[in-house]
């Protein structure tokens, strides 16, 4: 009995479904770009997502947005779904480079132009339009400047790094960049760097930073893997009288990465020595240009590699370059 | 759902001066009437003994009185005034105190806190509990029933008997005008029982009216001024206790005349020893227990609540561990602390408490019966069950034991009456064809008819050559069934009686050595 | 003789949590530099404060045999509310606090409603609040991180008698909760309900209200804990409070609160649990253990602690076996 | 956009009533008597297949707004998403029946994924891996120890399953022998093994898996995709195990009343342990499927999946308090969840609302289950 009902229903449903009109096909003349991104939990991704979505919209595309909140499998399923919605192009901010390849292959099969934003596909198996920034290199740039400042002190410094979520490739890349510099100037350090886990969680960051400072009061060289932790750093250092402008004796050489609003302000005011910046807006421009081009040229599987070398915004080059940093532009409302 | 409201006029007139009256009360569940036109009168300052088989409607009637259920028909009078409680609160407010069969104590709280859980005394107008006052008043209440335990003691550290008494003290504290006892003695030691009876008599002289429900008809006969017998939701007879000696009560309850309480003895012990226990000891619980059970023998293990008899059985069966001593089944040693081996070697254990230890309440009768013998129905490696055989076997057992149910396969055990539940427990062990059967209080809280069946089953088992270790605190049972009676007291065997030398007071005296007086 | 032995043994068992706590503390004290200092003690306490406050609320829920998975999302939601009041409406921080607690109360009340009135199992009911709640928060903020003005962040720097404000708040919450549980009728009934729901109903206790109240308490504590941490970090990203439900439960259970209800205390129990976890984490950082190994060690220690607790309970049960021979003595 | 989201949301939030009506509303009422309809509605509500009906209904309600839903490709994807989740959810079901819970399945998947990949990976980049603890011992430029071996992949898969089961066994022993609370035990082992999974490859994903491995997630035997075979196989196996075997009966008994079970000679501890082992095994198996379809070993695999695993079971009426649960239920639950995810994905909802909708749907389903149990109790 029960089972017969369920079969009936199923049959009825399928019939109904198949006989349904399919507006999606005929409808929107508007070209559609699908945009799947990893998450919106930091200023950086929010800004990036905003930049791309808006540029695309400006150019008269319909944009379908998908947030996979860091879940690789979900992102895979999302893109699969998007591809079946016969979109005209796909841009993704992949959860990681490996996934970018897996998804890319699907896009190629489906003969739909495919753009990868900000994270390098781990190999070239899939044809894609790629705009990437190299976290490791940018981090290294920022830390290198910090190292230069340290040299000026003419003494050894005690380095520390606030590490992000070890499950997140960005965090890992930035940590590597930091270590590249540590190894570059072996005799600049008093000892092996103090590692402070944050799991990308401000609370965890705060707690562990405090513990670290307690144990090593002489930390005077601190790199944070993301700018969003600066308020935390301030709330720890300030009470210890270590939140001072560069040049002052108590100043802790500070570096970060992302280039958000806060960072911009801090460099301007002299608390922060340098922060690694991805040229976010340029990246957005590049990817959208590329995808639009290939869509209008109706290329199916375009391939192009565009690098955003990024740079370190520092006390030194602030005047000239601060407008290349997205944070500063947001700060000044441009 | 339609409710079988029967509109018969109350067959009893309002009696003035009555403490409480049911007038033509009726109640049915899903169209099945469980109370039909019940009319009863409770005189002030007297004890009404309410008896009847399980499912006769006693608890339903009491729940109607206690405000837990609303009657479909009839009315109730409290001291002549109409009484229609909307909930337990109303009953309590009306001065009706209820001692439920199962305890309502919170084991993680102290005695005092349990006493005042509903209305803590507070320090003045603050929300803070006035612990000192609470302790004092608790001490008073406890002393009233002669129970010397500290008000601060956690309930989980008390013995079942003590808990029961605390529960009683708790209700006493509300100084009810009417007092309902539902099977109050099931977990009391004889000493405590004696204590309780004194309390009840004291209450009666104070003019409190008491309804006393029990399956232990001896107690009812001993206490009650009036007796009312319920059967199938109807009052079969009611009147002075003197006109209702135990045999009459029984015949009214079961509707037919039982030639006797107990079936004729069919088994005779043989030479072969099935179970031999030597020097079993566990500090603080039992000491140097030696006993044997022969083929076809029923050994009665008589002991009062808390004498260690249950603990002893649990150790023999391997549920609990023991420090010294050996348990021999046939000629093989039984490793301690492993019920599975015990079962494989043909031992069975009908536990004292079927709810927690005996049954899967929400599971069907058949599945419960199949539980122990399950491996015998499973194929070797795959463990695949021969379900048709299993079903046949369980159904057959259920029928053998005359378990009353609509469907053995579908009906969950919790929907059965206590007696039938107990039969299910027995059935599940019989299906495994045990050579040694340990039974612990198998007839507790079940009705006369079911008791008779259980006795018959056990007797039959012995006749077929199994050995039975029968634990009970109801001496009559053992006197009737057992071939030998061993007496436990404080974890030691203190007496042994062959059937020839059976005599109530001798056994009792053994059980109550060290000057505890025998309850009268 | 033997009796004394067992009594000593029992006392030992009863206090495993505390003993373990001391051991952990001393061990790290010996391993890591300037660990056993007053300053560090304060740091540890102040860092325990926000999760500690949440743990207090969680303890209430666990005591009645429930569970609250939604505290993390409630933290975020109440933070959002605060920011709306303080940043967008530019009202006083005190109103911010009020709004914060109000939101906590509201969602706690929703949990209570779902559990007691609709009869949905706590696990699912609060799971839903956890998922949908965060979604709601993100809907409001569009997941842009929230920055809080000094008027809020300065609260973190306030000291009374040399003690940080958040520590005092924590102490206050723990104190109140402990008194409440031990000394008020409601508190005792909470234990009763956790011990035997049916009996509690029969005894005429307002079970639904009792259980409901715990979720409200938990909600408010979550909000308050959230606020304390906002004051410390001054900035709330979209991930704020994620997984703090697990931290809170872990802390409570480490402190000897039973997941089955009826057993456990806020003081010292939950407090010890919280601080212990903090001590371990702080110790690992102070010792500068390889960052990849830290969580592994952390997990191992907690596992060991729970194992110890379990063994102890088994032992206590053995010792607690009713003793017939001493019954009359 | 958001306007489109509306009908979807209440559509399932108040599923029950919409349920029984629409269930019959879609055929001409002429030859159905009202009473018959009511009866049908009730049967549907109380039936074992209820969640399945709900899924159909959900599709039906959404059909008009989501033609793509029925696009063959999409249906294919949806189906392909069912199998891995089904496998791991079934594992969870065993544990839930014992009144336990296994939070560690997610990190179990992550760890086994890493280990499996490490064994078979054909090549890895020293730049990425030279820092990781396995370098030189298990990992080299030329990949893992089993790289290129004839039976490499089968052995690797076997190892994954063994390790998965081992993790389950640890949980099981802790819960069954040492009487530790399941929630806590598995919570801790979740933290612990996830940490290990990230530590082994130092956060790096392990790529370049041999084709033979990838096939397990993507390939098909004849017309039948391999994951489907695995999923259906596991489902049938589990179903037989639960309903037809000694173990199954004992599992339910233990879940219903452990004390009575022990006294009835059931090796309670062993049964419970086995349940956790099965949970671990299933997790590892699912991990094979996921890793294969993602073509990599991921230390963060399935990090956020716990909600789906338990949610699918609970929605389908598997009780968290033990003794109650069937494989068919789990299967329906999984179908429902995948359907939900897929549609939420297809609907162009602003992504903030997705979680809200998801939450409300779970809420609705849970509430429905309460109603059903009450209705059932009434009719009993």
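Think of it as A, B, C and D in the order they're written, each chain with its own count starting at 1.
In this section, a residue touches a chain if its C-beta (ideal position, glycine included) is under 8 Å from a C-beta of that chain, and two chains touch if they have at least 3 such contacts.
Here the structure is a predicted model, which is why all the values come from computation and not from measurement.
**Q** Farthest from subunit B in C-alpha centre terms, which chain would that be?
**A** A
**Q** How big is the gap, in whole Å, between where the Cα atoms of subunit A centre and where those of subunit C centre?
**A** From the centre of subunit A to the centre of subunit C is 34 Å.
**Q** Starting from the mean Cα coordinates of subunit B and subunit D, work out the distance between those two points in Å.
**A** Each chain reduced to its C-alpha mean, subunit B and subunit D end up 46 Å apart.
**Q** CA centre of subunit A versus CA centre of subunit B: separation in Å?
**A** Chain centres of subunit A and subunit B, defined by C-alpha means, are spaced 71 Å apart.
**Q** Two-or-more-chain contact residues of subunit B, please, as numbers and ranges.
**A** none
**Q** By the touch rule stated above, which residues of subunit A touch at least two different other chains?
**A** Correct list: 166.
**Q** Please output the residue numbers of subunit D that touch at least 2 other chains, ranges allowed.
**A** Correct list: 198, 202, 350, 354.
**Q** Judged by the touch rule stated earlier, which pairs of chains are there in contact?
**A** Every pair of chains meeting the touch criterion: A-C, A-D, B-C, B-D, C-D.
**Q** Show which residues of subunit C lie in contact with subunit A when the two form their complex.
**A** Of all residues in subunit C, those touching subunit A are 32-35, 37, 39-40, 43-44, 46-47, 50-51, 138, 142-145, 147, 153, 156-157, 229, 232-240, 242, 244, 278, 281-283, 285-288, 290-292, 294-295.
**Q** Which positions of subunit B touch subunit D when the two form their complex?
**A** Of all residues in subunit B, those touching subunit D are 317, 319, 339-340, 342-344, 349, 351, 356-363, 367, 370-372, 374-375, 378, 382-385, 387, 428.
**Q** List the residues on subunit C that touch subunit D in their complex, please.
**A** 67, 114, 118-121, 123-125, 127-136, 138-139, 142-143, 246, 249-250, 253, 258-260, 292-296, 298-300, 302-303, 306-307, 309-311, 313-314
**Q** Spell out the part of subunit C that touches subunit B in their complex, as residue ranges.
**A** 2, 179, 183-186, 188-189, 191-192, 194-196, 199-200, 202-205, 262-263, 320-328
**Q** Of all residues in subunit D, which touch subunit B in the complex?
**A** Those in contact with subunit B are residues 240, 244-247, 249-250, 252-253, 256-257, 259-267, 323.
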